[in-house]
(Lines give C-alpha, C1' and ligand atoms only; values in the text may rest on other atoms or scores of the structure.)
Protein backbone atom coordinates (compact mmCIF):
# COMPACT_ATOMS: atom_id res chain seq x y z
CA UNK A 1 0.00 0.00 0.00
CA UNK A 2 2.80 2.37 0.86
CA UNK A 3 4.99 3.92 -1.76
CA UNK A 4 8.39 2.41 -2.17
CA UNK A 5 11.00 4.26 -0.16
CA UNK A 6 12.62 6.25 -2.90
CA UNK A 7 14.23 9.68 -3.15
CA UNK A 8 15.56 11.36 -6.29
CA UNK A 9 17.77 14.42 -6.10
CA UNK A 10 18.43 16.81 -8.97
CA UNK A 11 21.94 18.16 -8.35
CA UNK A 12 21.97 21.42 -10.28
CA UNK A 13 24.42 23.18 -7.97
CA UNK A 14 28.19 22.84 -8.01
CA UNK A 15 28.64 24.47 -4.61
CA UNK A 16 30.71 22.64 -2.02
CA UNK A 17 28.24 23.10 0.85
CA UNK A 18 25.29 21.98 -1.28
CA UNK A 19 27.24 18.95 -2.52
CA UNK A 20 27.68 17.99 1.14
CA UNK A 21 23.91 18.30 1.60
CA UNK A 22 23.29 16.09 -1.47
CA UNK A 23 25.59 13.28 -0.33
CA UNK A 24 24.55 13.51 3.31
CA UNK A 25 20.94 12.95 2.29
CA UNK A 26 21.92 10.34 -0.32
CA UNK A 27 24.08 8.21 1.96
CA UNK A 28 21.73 8.66 4.93
CA UNK A 29 18.69 7.63 2.90
CA UNK A 30 20.47 4.68 1.28
CA UNK A 31 21.61 3.51 4.72
CA UNK A 32 17.99 3.14 5.85
CA UNK A 33 16.87 1.28 2.75
CA UNK A 34 15.84 4.02 0.33
CA UNK A 35 16.42 3.73 -3.39
CA UNK A 36 18.41 6.89 -4.12
CA UNK A 37 18.77 8.46 -7.55
CA UNK A 38 21.14 11.38 -8.14
CA UNK A 39 20.64 13.29 -11.34
CA UNK A 40 23.55 15.64 -12.04
CA UNK A 41 22.99 18.62 -14.29
CA UNK A 42 24.83 21.78 -15.30
CA UNK A 43 27.02 23.13 -12.44
CA UNK A 44 26.58 19.76 -10.74
CA UNK A 45 28.85 18.27 -13.41
CA UNK A 46 31.79 19.72 -11.44
CA UNK A 47 31.10 17.14 -8.74
CA UNK A 48 31.28 14.15 -11.10
CA UNK A 49 33.99 15.13 -13.58
CA UNK A 50 36.86 12.68 -13.69
CA UNK A 51 39.52 15.41 -13.82
CA UNK A 52 39.46 16.93 -10.38
CA UNK A 53 40.95 20.31 -11.33
CA UNK A 54 40.01 22.86 -13.95
CA UNK A 55 40.10 21.39 -17.41
CA UNK A 56 39.27 22.27 -20.98
CA UNK A 57 36.86 19.39 -21.63
CA UNK A 58 34.05 19.60 -24.14
CA UNK A 59 33.66 19.88 -27.88
CA UNK A 60 34.24 23.32 -29.35
CA UNK A 61 36.34 26.19 -28.06
CA UNK A 62 33.48 28.00 -26.26
CA UNK A 63 32.44 24.84 -24.45
CA UNK A 64 36.05 24.28 -23.41
CA UNK A 65 36.43 27.81 -22.08
CA UNK A 66 33.10 27.55 -20.27
CA UNK A 67 34.06 24.22 -18.71
CA UNK A 68 37.41 25.65 -17.64
CA UNK A 69 35.72 28.62 -15.98
CA UNK A 70 33.17 26.31 -14.29
CA UNK A 71 36.09 24.66 -12.52
CA UNK A 72 36.08 21.11 -11.20
CA UNK A 73 35.85 19.11 -8.00
CA UNK A 74 38.84 20.88 -6.46
CA UNK A 75 37.32 24.27 -7.19
CA UNK A 76 33.81 23.76 -5.81
CA UNK A 77 33.05 27.12 -4.17
CA UNK A 78 31.03 27.67 -1.02
CA UNK A 79 27.64 29.24 -1.86
CA UNK A 80 28.53 32.09 0.51
CA UNK A 81 31.69 33.28 2.32
CA UNK A 82 34.03 31.63 -0.11
CA UNK A 83 37.14 33.73 0.68
CA UNK A 84 38.89 32.68 -2.53
CA UNK A 85 38.48 28.97 -1.86
CA UNK A 86 39.63 28.94 1.76
CA UNK A 87 36.21 28.09 3.22
CA UNK A 88 35.74 24.64 1.64
CA UNK A 89 39.20 23.73 2.99
CA UNK A 90 38.23 25.15 6.39
CA UNK A 91 34.94 23.25 6.34
CA UNK A 92 36.73 20.01 5.43
CA UNK A 93 39.19 20.66 8.29
CA UNK A 94 36.33 21.18 10.74
CA UNK A 95 34.58 18.04 9.48
CA UNK A 96 37.73 15.96 9.99
CA UNK A 97 38.31 17.43 13.42
CA UNK A 98 34.74 16.56 14.49
CA UNK A 99 35.02 13.07 12.97
CA UNK A 100 32.25 13.86 10.51
CA UNK A 101 32.60 12.28 7.06
CA UNK A 102 34.18 14.65 4.51
CA UNK A 103 32.67 15.21 1.06
CA UNK A 104 34.92 12.56 -0.46
CA UNK A 105 33.93 10.07 2.22
CA UNK A 106 30.22 10.88 1.80
CA UNK A 107 30.51 10.29 -1.96
CA UNK A 108 32.34 7.00 -1.37
CA UNK A 109 29.70 5.93 1.16
CA UNK A 110 26.95 6.75 -1.34
CA UNK A 111 28.68 4.63 -3.98
CA UNK A 112 29.15 1.75 -1.54
CA UNK A 113 25.49 1.91 -0.50
CA UNK A 114 24.31 1.55 -4.09
CA UNK A 115 23.15 5.10 -4.82
CA UNK A 116 22.43 5.55 -8.56
CA UNK A 117 24.28 8.31 -10.44
CA UNK A 118 22.81 9.75 -13.64
CA UNK A 119 23.88 12.65 -15.88
CA UNK A 120 21.57 15.09 -17.69
CA UNK A 121 21.58 14.65 -21.43
CA UNK A 122 20.78 18.24 -22.37
CA UNK A 123 23.52 19.74 -20.19
CA UNK A 124 26.00 17.35 -21.80
CA UNK A 125 24.95 18.51 -25.25
CA UNK A 126 25.14 22.21 -24.33
CA UNK A 127 28.51 21.83 -22.60
CA UNK A 128 29.86 19.30 -25.10
CA UNK A 129 30.66 16.85 -22.29
CA UNK A 130 31.15 13.14 -23.00
CA UNK A 131 30.28 10.21 -20.74
CA UNK A 132 34.02 9.41 -20.47
CA UNK A 133 34.57 12.85 -18.88
CA UNK A 134 32.71 11.60 -15.81
CA UNK A 135 33.62 9.22 -12.99
CA UNK A 136 32.67 5.62 -13.83
CA UNK A 137 29.76 5.60 -11.34
CA UNK A 138 27.66 7.57 -13.83
CA UNK A 139 25.31 4.81 -14.84
CA UNK A 140 23.38 6.37 -17.64
CA UNK A 141 22.63 9.60 -19.49
CA UNK A 142 19.00 10.67 -19.12
CA UNK A 143 16.51 13.16 -20.48
CA UNK A 144 13.64 14.59 -18.42
CA UNK A 145 11.10 11.92 -19.39
CA UNK A 146 13.35 9.04 -18.32
CA UNK A 147 14.29 10.84 -15.11
CA UNK A 148 10.63 11.36 -14.17
CA UNK A 149 9.95 7.68 -14.86
CA UNK A 150 12.78 6.64 -12.55
CA UNK A 151 11.76 9.13 -9.85
CA UNK A 152 8.05 8.28 -10.02
CA UNK A 153 6.34 7.24 -6.79
CA UNK A 154 9.05 8.70 -4.57
CA UNK A 155 10.23 12.09 -3.41
CA UNK A 156 11.98 14.52 -5.73
CA UNK A 157 14.12 17.33 -4.41
CA UNK A 158 15.95 19.94 -6.45
CA UNK A 159 19.20 21.39 -5.13
CA UNK A 160 19.94 24.68 -6.87
CA UNK B 1 -4.29 3.29 -7.81
CA UNK B 2 -1.39 5.36 -8.95
CA UNK B 3 -1.13 9.08 -8.32
CA UNK B 4 -1.96 11.27 -11.26
CA UNK B 5 1.17 12.28 -13.16
CA UNK B 6 1.56 15.81 -11.90
CA UNK B 7 4.49 18.08 -11.12
CA UNK B 8 4.37 21.58 -9.65
CA UNK B 9 7.38 23.86 -9.69
CA UNK B 10 7.83 26.92 -7.50
CA UNK B 11 9.98 29.31 -9.56
CA UNK B 12 11.52 31.57 -6.95
CA UNK B 13 14.72 32.21 -8.89
CA UNK B 14 15.17 34.72 -11.69
CA UNK B 15 18.49 33.24 -12.84
CA UNK B 16 18.88 32.41 -16.52
CA UNK B 17 20.34 28.93 -15.95
CA UNK B 18 17.66 28.00 -13.41
CA UNK B 19 14.92 29.28 -15.74
CA UNK B 20 16.28 26.87 -18.35
CA UNK B 21 16.03 24.07 -15.77
CA UNK B 22 12.41 25.04 -14.97
CA UNK B 23 11.26 25.05 -18.60
CA UNK B 24 13.26 21.96 -19.56
CA UNK B 25 11.51 20.00 -16.80
CA UNK B 26 8.14 21.67 -17.56
CA UNK B 27 8.14 21.00 -21.31
CA UNK B 28 9.70 17.54 -20.89
CA UNK B 29 7.13 16.50 -18.29
CA UNK B 30 4.19 17.94 -20.27
CA UNK B 31 5.41 16.08 -23.36
CA UNK B 32 5.01 12.74 -21.57
CA UNK B 33 1.55 13.49 -20.23
CA UNK B 34 2.19 15.20 -16.89
CA UNK B 35 0.01 18.00 -15.61
CA UNK B 36 2.55 20.77 -15.01
CA UNK B 37 1.97 23.78 -12.76
CA UNK B 38 4.46 26.63 -12.61
CA UNK B 39 4.13 29.00 -9.71
CA UNK B 40 6.22 32.15 -10.17
CA UNK B 41 7.24 34.12 -7.15
CA UNK B 42 9.57 36.99 -6.29
CA UNK B 43 12.72 36.97 -8.54
CA UNK B 44 10.87 34.54 -10.80
CA UNK B 45 8.63 37.46 -11.85
CA UNK B 46 11.48 38.57 -14.13
CA UNK B 47 10.76 35.55 -16.32
CA UNK B 48 7.08 36.37 -16.82
CA UNK B 49 7.03 40.18 -16.99
CA UNK B 50 5.56 41.51 -20.23
CA UNK B 51 8.22 44.19 -20.61
CA UNK B 52 11.37 42.31 -21.46
CA UNK B 53 13.87 44.97 -20.29
CA UNK B 54 14.24 46.78 -17.00
CA UNK B 55 11.13 48.73 -16.13
CA UNK B 56 9.69 50.80 -13.33
CA UNK B 57 6.54 48.73 -12.80
CA UNK B 58 4.75 48.53 -9.48
CA UNK B 59 2.81 50.85 -7.24
CA UNK B 60 4.85 53.26 -5.17
CA UNK B 61 8.30 54.67 -5.77
CA UNK B 62 10.20 52.05 -3.72
CA UNK B 63 8.46 49.17 -5.51
CA UNK B 64 9.30 50.79 -8.84
CA UNK B 65 12.97 51.21 -7.94
CA UNK B 66 13.12 47.63 -6.64
CA UNK B 67 11.49 46.27 -9.80
CA UNK B 68 13.90 48.28 -11.94
CA UNK B 69 16.88 46.88 -10.04
CA UNK B 70 15.47 43.35 -10.26
CA UNK B 71 15.71 43.69 -14.05
CA UNK B 72 13.60 41.77 -16.56
CA UNK B 73 13.72 38.90 -18.98
CA UNK B 74 16.60 40.44 -20.93
CA UNK B 75 18.63 40.87 -17.75
CA UNK B 76 18.28 37.40 -16.22
CA UNK B 77 21.74 36.75 -14.77
CA UNK B 78 23.54 33.42 -14.61
CA UNK B 79 23.64 32.11 -11.03
CA UNK B 80 27.45 31.97 -11.34
CA UNK B 81 30.07 33.30 -13.81
CA UNK B 82 27.85 36.04 -15.13
CA UNK B 83 30.61 38.26 -16.62
CA UNK B 84 28.30 41.27 -16.78
CA UNK B 85 25.62 39.48 -18.75
CA UNK B 86 27.85 37.84 -21.35
CA UNK B 87 27.30 34.29 -20.12
CA UNK B 88 23.54 34.01 -20.79
CA UNK B 89 24.26 35.21 -24.35
CA UNK B 90 27.13 32.69 -24.62
CA UNK B 91 24.89 29.91 -23.29
CA UNK B 92 22.14 30.79 -25.76
CA UNK B 93 24.76 30.78 -28.55
CA UNK B 94 25.98 27.31 -27.49
CA UNK B 95 22.38 26.05 -27.25
CA UNK B 96 21.64 27.24 -30.79
CA UNK B 97 24.86 25.80 -32.14
CA UNK B 98 24.02 22.39 -30.61
CA UNK B 99 20.43 22.57 -31.87
CA UNK B 100 19.12 22.53 -28.31
CA UNK B 101 15.99 24.61 -27.68
CA UNK B 102 16.79 28.09 -26.29
CA UNK B 103 15.01 29.53 -23.24
CA UNK B 104 12.48 31.32 -25.45
CA UNK B 105 11.76 28.12 -27.35
CA UNK B 106 11.44 26.10 -24.14
CA UNK B 107 8.93 28.63 -22.79
CA UNK B 108 6.96 28.53 -26.06
CA UNK B 109 7.00 24.70 -26.02
CA UNK B 110 5.71 24.74 -22.43
CA UNK B 111 2.88 27.07 -23.44
CA UNK B 112 2.01 24.92 -26.48
CA UNK B 113 1.99 21.76 -24.32
CA UNK B 114 -0.54 23.25 -21.92
CA UNK B 115 1.66 23.97 -18.90
CA UNK B 116 -0.20 26.11 -16.33
CA UNK B 117 1.35 29.42 -15.27
CA UNK B 118 0.43 30.99 -11.92
CA UNK B 119 1.73 34.04 -10.06
CA UNK B 120 2.22 34.39 -6.30
CA UNK B 121 -0.22 36.77 -4.71
CA UNK B 122 1.98 37.89 -1.82
CA UNK B 123 4.97 38.74 -4.04
CA UNK B 124 2.63 40.83 -6.21
CA UNK B 125 1.43 42.74 -3.17
CA UNK B 126 4.97 43.34 -1.84
CA UNK B 127 6.29 44.40 -5.25
CA UNK B 128 3.12 46.24 -6.27
CA UNK B 129 2.87 44.21 -9.49
CA UNK B 130 -0.41 43.93 -11.40
CA UNK B 131 -1.68 40.98 -13.43
CA UNK B 132 -1.42 43.13 -16.56
CA UNK B 133 2.35 43.45 -15.99
CA UNK B 134 2.70 39.74 -16.84
CA UNK B 135 2.53 37.79 -20.10
CA UNK B 136 -1.05 36.66 -20.87
CA UNK B 137 -0.25 32.98 -20.08
CA UNK B 138 -0.46 33.79 -16.37
CA UNK B 139 -3.71 32.05 -15.62
CA UNK B 140 -4.40 33.07 -12.10
CA UNK B 141 -2.99 34.72 -9.00
CA UNK B 142 -2.66 32.30 -6.08
CA UNK B 143 -1.92 32.23 -2.38
CA UNK B 144 -0.18 29.32 -0.64
CA UNK B 145 -3.39 27.43 0.24
CA UNK B 146 -4.67 27.43 -3.36
CA UNK B 147 -1.24 26.45 -4.68
CA UNK B 148 -1.03 23.46 -2.30
CA UNK B 149 -4.50 22.39 -3.39
CA UNK B 150 -3.49 22.47 -7.06
CA UNK B 151 -0.19 20.69 -6.39
CA UNK B 152 -1.71 18.02 -4.14
CA UNK B 153 -1.09 14.37 -5.08
CA UNK B 154 1.88 15.18 -7.30
CA UNK B 155 5.50 16.21 -6.94
CA UNK B 156 6.51 19.69 -5.76
CA UNK B 157 9.94 21.10 -6.46
CA UNK B 158 11.26 24.46 -5.40
CA UNK B 159 13.81 26.21 -7.57
CA UNK B 160 15.62 28.85 -5.52
CA UNK C 1 -6.87 6.56 1.02
CA UNK C 2 -5.25 9.92 0.51
CA UNK C 3 -1.90 10.78 1.97
CA UNK C 4 -1.98 12.86 5.09
CA UNK C 5 -1.61 16.57 4.31
CA UNK C 6 2.02 17.03 5.24
CA UNK C 7 4.86 19.18 3.97
CA UNK C 8 8.47 19.12 5.14
CA UNK C 9 10.89 21.90 4.23
CA UNK C 10 14.67 21.63 4.43
CA UNK C 11 15.87 25.17 5.17
CA UNK C 12 19.46 25.15 3.97
CA UNK C 13 19.53 28.81 3.02
CA UNK C 14 20.10 31.72 5.37
CA UNK C 15 18.92 34.33 2.85
CA UNK C 16 16.27 36.81 3.95
CA UNK C 17 14.09 36.43 0.85
CA UNK C 18 14.21 32.62 1.00
CA UNK C 19 13.40 32.68 4.74
CA UNK C 20 10.27 34.65 3.83
CA UNK C 21 9.40 31.94 1.29
CA UNK C 22 9.90 29.21 3.92
CA UNK C 23 7.65 30.83 6.52
CA UNK C 24 5.03 31.95 3.99
CA UNK C 25 4.65 28.34 2.85
CA UNK C 26 4.89 27.02 6.44
CA UNK C 27 2.27 29.33 7.92
CA UNK C 28 0.02 29.10 4.84
CA UNK C 29 0.12 25.32 4.84
CA UNK C 30 -0.40 25.04 8.60
CA UNK C 31 -3.39 27.41 8.31
CA UNK C 32 -5.17 24.96 5.99
CA UNK C 33 -4.51 21.91 8.14
CA UNK C 34 -1.15 20.62 6.94
CA UNK C 35 1.38 19.09 9.28
CA UNK C 36 4.46 21.24 8.63
CA UNK C 37 8.02 20.22 9.50
CA UNK C 38 10.90 22.66 9.15
CA UNK C 39 14.36 21.17 9.18
CA UNK C 40 17.04 23.83 9.59
CA UNK C 41 20.55 23.08 8.39
CA UNK C 42 23.79 24.97 7.82
CA UNK C 43 23.16 28.60 6.70
CA UNK C 44 19.56 28.13 7.86
CA UNK C 45 20.87 28.15 11.44
CA UNK C 46 21.08 31.94 11.15
CA UNK C 47 17.29 32.05 11.17
CA UNK C 48 16.91 30.10 14.42
CA UNK C 49 19.87 31.26 16.48
CA UNK C 50 18.85 32.81 19.79
CA UNK C 51 21.34 35.67 19.51
CA UNK C 52 19.97 37.83 16.76
CA UNK C 53 23.25 39.54 15.85
CA UNK C 54 26.65 38.14 14.88
CA UNK C 55 28.09 36.00 17.62
CA UNK C 56 31.02 33.75 18.34
CA UNK C 57 29.01 30.64 19.20
CA UNK C 58 30.35 27.13 18.72
CA UNK C 59 33.05 24.97 20.18
CA UNK C 60 36.57 25.68 18.97
CA UNK C 61 38.08 28.87 17.60
CA UNK C 62 37.48 28.04 13.90
CA UNK C 63 33.83 27.20 14.50
CA UNK C 64 33.45 30.47 16.40
CA UNK C 65 35.01 32.52 13.59
CA UNK C 66 32.91 30.70 11.01
CA UNK C 67 29.73 31.30 12.99
CA UNK C 68 30.62 34.97 13.41
CA UNK C 69 31.15 35.35 9.66
CA UNK C 70 27.90 33.49 8.94
CA UNK C 71 26.10 36.25 10.81
CA UNK C 72 22.75 35.92 12.51
CA UNK C 73 19.09 36.80 12.13
CA UNK C 74 19.82 40.52 11.87
CA UNK C 75 22.35 39.91 9.12
CA UNK C 76 20.34 37.66 6.81
CA UNK C 77 21.32 38.89 3.35
CA UNK C 78 19.09 39.03 0.28
CA UNK C 79 20.07 36.33 -2.23
CA UNK C 80 20.53 39.11 -4.80
CA UNK C 81 20.75 42.93 -4.73
CA UNK C 82 21.77 43.10 -1.12
CA UNK C 83 23.29 46.63 -1.17
CA UNK C 84 25.13 46.06 2.08
CA UNK C 85 22.07 44.99 4.01
CA UNK C 86 19.75 47.77 2.84
CA UNK C 87 17.44 45.51 0.79
CA UNK C 88 16.10 43.32 3.61
CA UNK C 89 15.23 46.56 5.47
CA UNK C 90 13.62 47.94 2.29
CA UNK C 91 11.69 44.72 1.79
CA UNK C 92 10.47 44.76 5.39
CA UNK C 93 9.43 48.39 4.91
CA UNK C 94 7.46 47.49 1.74
CA UNK C 95 5.87 44.52 3.50
CA UNK C 96 4.72 46.71 6.39
CA UNK C 97 3.41 49.40 4.03
CA UNK C 98 1.36 46.81 2.11
CA UNK C 99 0.09 45.25 5.34
CA UNK C 100 1.79 41.96 4.50
CA UNK C 101 3.19 40.02 7.45
CA UNK C 102 6.92 40.66 8.02
CA UNK C 103 9.42 37.82 8.49
CA UNK C 104 9.12 38.08 12.27
CA UNK C 105 5.34 37.93 12.06
CA UNK C 106 5.44 34.97 9.65
CA UNK C 107 7.73 33.09 12.07
CA UNK C 108 5.42 33.89 14.99
CA UNK C 109 2.37 32.78 12.97
CA UNK C 110 4.14 29.50 12.13
CA UNK C 111 4.89 28.92 15.82
CA UNK C 112 1.29 29.73 16.81
CA UNK C 113 -0.06 27.37 14.13
CA UNK C 114 1.97 24.44 15.49
CA UNK C 115 4.69 24.17 12.83
CA UNK C 116 7.46 21.79 13.99
CA UNK C 117 11.03 23.11 14.10
CA UNK C 118 13.97 20.70 13.90
CA UNK C 119 17.75 21.25 13.66
CA UNK C 120 20.21 19.16 11.63
CA UNK C 121 22.53 17.12 13.77
CA UNK C 122 25.48 17.02 11.38
CA UNK C 123 25.53 20.79 10.84
CA UNK C 124 25.52 21.25 14.60
CA UNK C 125 28.53 18.96 14.94
CA UNK C 126 30.46 20.67 12.12
CA UNK C 127 29.68 24.17 13.41
CA UNK C 128 29.95 23.20 17.08
CA UNK C 129 26.47 24.60 17.80
CA UNK C 130 24.52 23.55 20.90
CA UNK C 131 20.75 23.16 21.25
CA UNK C 132 20.80 26.06 23.72
CA UNK C 133 22.14 28.36 20.96
CA UNK C 134 18.75 28.08 19.23
CA UNK C 135 15.33 29.58 19.94
CA UNK C 136 13.26 27.32 22.24
CA UNK C 137 10.90 26.26 19.41
CA UNK C 138 13.57 23.87 18.14
CA UNK C 139 11.93 20.65 19.17
CA UNK C 140 14.57 18.11 18.43
CA UNK C 141 17.93 17.48 16.76
CA UNK C 142 17.66 15.07 13.84
CA UNK C 143 19.81 13.08 11.46
CA UNK C 144 18.80 12.26 7.87
CA UNK C 145 17.12 8.93 8.72
CA UNK C 146 14.86 10.45 11.36
CA UNK C 147 14.03 13.39 9.12
CA UNK C 148 12.98 11.08 6.26
CA UNK C 149 10.82 9.11 8.67
CA UNK C 150 9.05 12.28 9.81
CA UNK C 151 8.65 13.58 6.24
CA UNK C 152 7.46 10.27 4.84
CA UNK C 153 4.12 10.24 2.98
CA UNK C 154 4.13 14.01 2.41
CA UNK C 155 5.88 16.53 0.24
CA UNK C 156 9.54 17.46 0.75
CA UNK C 157 10.97 20.69 -0.58
CA UNK C 158 14.55 21.85 -0.28
CA UNK C 159 15.26 25.57 -0.10
CA UNK C 160 18.89 26.20 -1.02
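First chain written, first letter: the chains are A, B and C, and each begins at residue 1.
Assume a residue touches a chain if its C-beta (ideal position, glycine included) is under 8 Å from a C-beta of that chain, and two chains touch if they have at least 3 such contacts.
The structure displayed is predicted, hence computed values, not measured ones.
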Chain copies touching (subunit B, subunit C) - same or different residues, decided at half shared: different
Rotation angle (°) superposing Cα atoms of subunit A on subunit B, nearest 5: 120
Separation of subunit B from subunit C, taking each centre as the mean of its C-alpha atoms, in whole Å: 24
Multi-chain contact residues (two or more partners), subunit C: 155, 157-158, 160
Residues of subunit B touching subunit C in the complex: 10, 12, 14, 41-43, 60, 62-63, 66, 69-70, 77, 122, 125-128, 143-145, 148-149, 151-153, 155-158, 160
Contact footprint of subunit C on subunit A as seen in their complex: 2-3, 5, 7, 13, 17-18, 21, 24-25, 27-29, 31-32, 34, 79-81, 90-91, 93-95, 97-98, 100, 155, 157-160
